[in-house]
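Encoded as structure tokens, here's the structure I'll be asking about.
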């Protein structure tokens, strides 16, 4: 999928270089480097505790790296504040969804619509934030012209909350989205219904980093995959190649296979 | 057969959402009455009472301002244990401007309000980045320490304070000024918290990381909320200074920190009307209980504990719920 | 004079450390900032006084009972009040503050005001340390302080409860998984912290009077030391206590005793600008709470 996409020679869209973060005695992320081209879908996989979320936190400014650098569109964003990184167009979804439970679903989306970035990109004319919020929710799969966007978040099932999380990212009009286990806790049917949405994002040339455990779905969508284990990057390449690697198999299965 | 309590919004509540309230007198009354009646009663009371109780009402209004200020900070996720800081800074700024620079209250009060807001925001700026507990600790410590500084360095009048400051035209004037101020702040804060801006503030309280990843600088917004709250507190202090024509170390006393919190907890945190209600209950009550003396603060302390633990929603929430919703027992379906 | 200041400075540091340890311990283990700390401090002193003066109980026994009683009250406060608001920082702060307030002011109401409320020193007299006279009590404070720190270290490294404390302090979720009961630990941490407050009280207050204001001062000083040293870090508390202790004493000797509190304030302000989470603070900045 997407193997035939053209590779341009300019500065990589995102460059992560030697990122390292240690918590006490544990190297959560150990000298991870990779490049990302604009419009690419990068899958990030690895066993639990391999540092995937920490990597995201490092890129998005929630955690300051010990060493290493992050470059976004040629610009050094290492250690910048999270809101500034978001302002530059990098949106991230949280693994643990924590919406504002007493508010209706669409109200949850008002906050990113209130940000300076959205104000800039819409030329200072906000328009009706409520209406935009509802549109966004419909884009991510909330039923059109229904009461669902108006329901209080606490009554919504997990699948809808995940969609809401995605909508929160999209509200920012990002150029890079980092999804942290978007499909976790969803049934096969729910995942299947969300795939078209992701594919639509791809067609809009959005650059996506996806952390996932659901490998089948991930491999269908992603251009490339990197594999983390104990904080280190142990493999990188096309999904097929990566799955064939012995090291990856060892990481997931723990011993010689079969 | 098991039953559970079900709460449903009243029909009239649903009919009064947004602009639809304008469609009938009954609906407009539903909205206006709870707002208008207390205000009318308040103004009626101010007309009939004598000077002593007028002074009590002024004091009540001042504490209500501090309570409103506290509630705004809490809505944005900052727990202040030192409203006395804002109060005292405003009081001293006013006193200084009046005593040393001979400015009249017309100038000292506005300048002290804004200046107090600036000073307090700058003082607390470094702690905005940290967990809420630091904010609570620093706000607790600062007023108590400022008192010691004044005591030690004897600046601004030292232990004697600054007396003989200008007064205001009359007690009635002070009364109306303070009440109008309270109502103005009440309406402003209530409206503010219901806008999208207010939503951002509440978001910062509930899930600040989510707000940050949405591209919003939470520290800037926290600082704004802090400025507004501390300016209101400073105004309260400035006003009191000219009412008593005196400013001294007592302005940093714990009373000014505790009573607003007690008012908010009793009245209902987060609603602004609740804290104001709480102040209007607790201050006159404590005045009436003057005789009991030291037990007063004990009671506040116990109120704080009891309400926080057992009735966290506060009086206002309770009445609001009763007004807007009705309850009924419903069979539990299997 | 310099030598004297040095010695008194050291004593002051130990006093501050004693004050702050209990508060810091409670916070480090359970994350609860016990704003009733000052009240418990004074409670211990008044209890000892009452046992000693009214019931004529042996002094040593009185102070032991007083410390135990204070621990007990601390645990009760958690179990019946703070437990119900656990997890809501705003309510936790208000509730603990409220109960502390109620306790302190209740004593004031009952009339525990006046110069007759003093605790006798353990051993009378003073000794000469190279020309400087120092009360034996002060030396005892240092001794007790050192013993306490060693005891705490041994306790948290070699006993089951102590290790559980450290586990909770370092990584609460893992501790829970290992079967450590969070609520029980929190109750114990409050009891322990309160007990330490009690120990501090009965050691330090014989130097002067027992007064309600002392409760507020104790809380304030504990806060100052913890803020500067870093909440949750024992090393930080000790270092901060030394820094502030010496700074205070030198200020008192060479500038004026009224300025002592200002030292604490300045220390807080400086630390807030330079390293807000404290010298050894492990407080992750807001962003890093994962």
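Note that the chains are named A, B and C in the order they appear, and that numbering of residues resets to 1 at the start of each chain.
Definition applied: a contact is a pair of C-beta atoms (placed from the backbone, for glycine too) under 8 Å apart; a residue touches a chain by one contact, two chains touch by 3 or more.
Note that the structure is a prediction, hence the values are computed from the model and not measured.
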- Message: Give me the two chains with the most inter-chain contact pairs.
- Response: B-C
- Which chain has its C-alpha centre farthest away from the C-alpha centre of subunit A? C
- Message: Based on mean C-alpha positions, which chain is nearest the centroid of every protein C-alpha shown?
- Response: B
- Query: What whole-number Å value describes the gap between the mean CA coordinates of subunit A and subunit C?
  - Reply: 46
- Message: How many angstrom lie between the centres of subunit A and subunit B, each centre taken as the mean Cα position?
- Response: 42
- Message: Could you work out how far the Cα centre of subunit B sits from that of subunit C, in whole Å?
- Response: 32
- Residue numbers in subunit C touching 2 or more other chains? 287
- Item | Per-residue overlap in subunit B, given as positions that touch at least 2 other chains | 209, 212, 218
- Query: Mind pulling the subunit A residues that touch 2 or more other chains?
  - Reply: 62, 81-82
- subunit C contact footprint on subunit B (complex, rising order): 74, 79, 81, 126-127, 129-134, 136-138, 140-142, 144-146, 148-149, 151-153, 208-209, 212, 218, 254, 258, 261-262, 265, 269, 293-295, 297-298, 300-305, 308-309, 312
- Query: What does subunit A use to touch subunit B in their complex?
  - Reply: 60, 62, 81-84, 86-87, 91-92, 94, 98, 100, 103, 107, 110-118, 129, 168, 171-172
- Note on the structure: Per the touch rule above, subunit C residues touching subunit B in the complex are 27, 33, 35, 81, 84-85, 89-91, 93-95, 97-103, 105-106, 108-109, 216, 219-220, 223-224, 226-227, 231, 256, 258-259, 261-262, 264-265, 268, 272-273, 276-277, 283, 285-287, 289
- Per the touch rule above, subunit B residues touching subunit A in the complex are 196-197, 199-200, 202-203, 206-207, 209-218
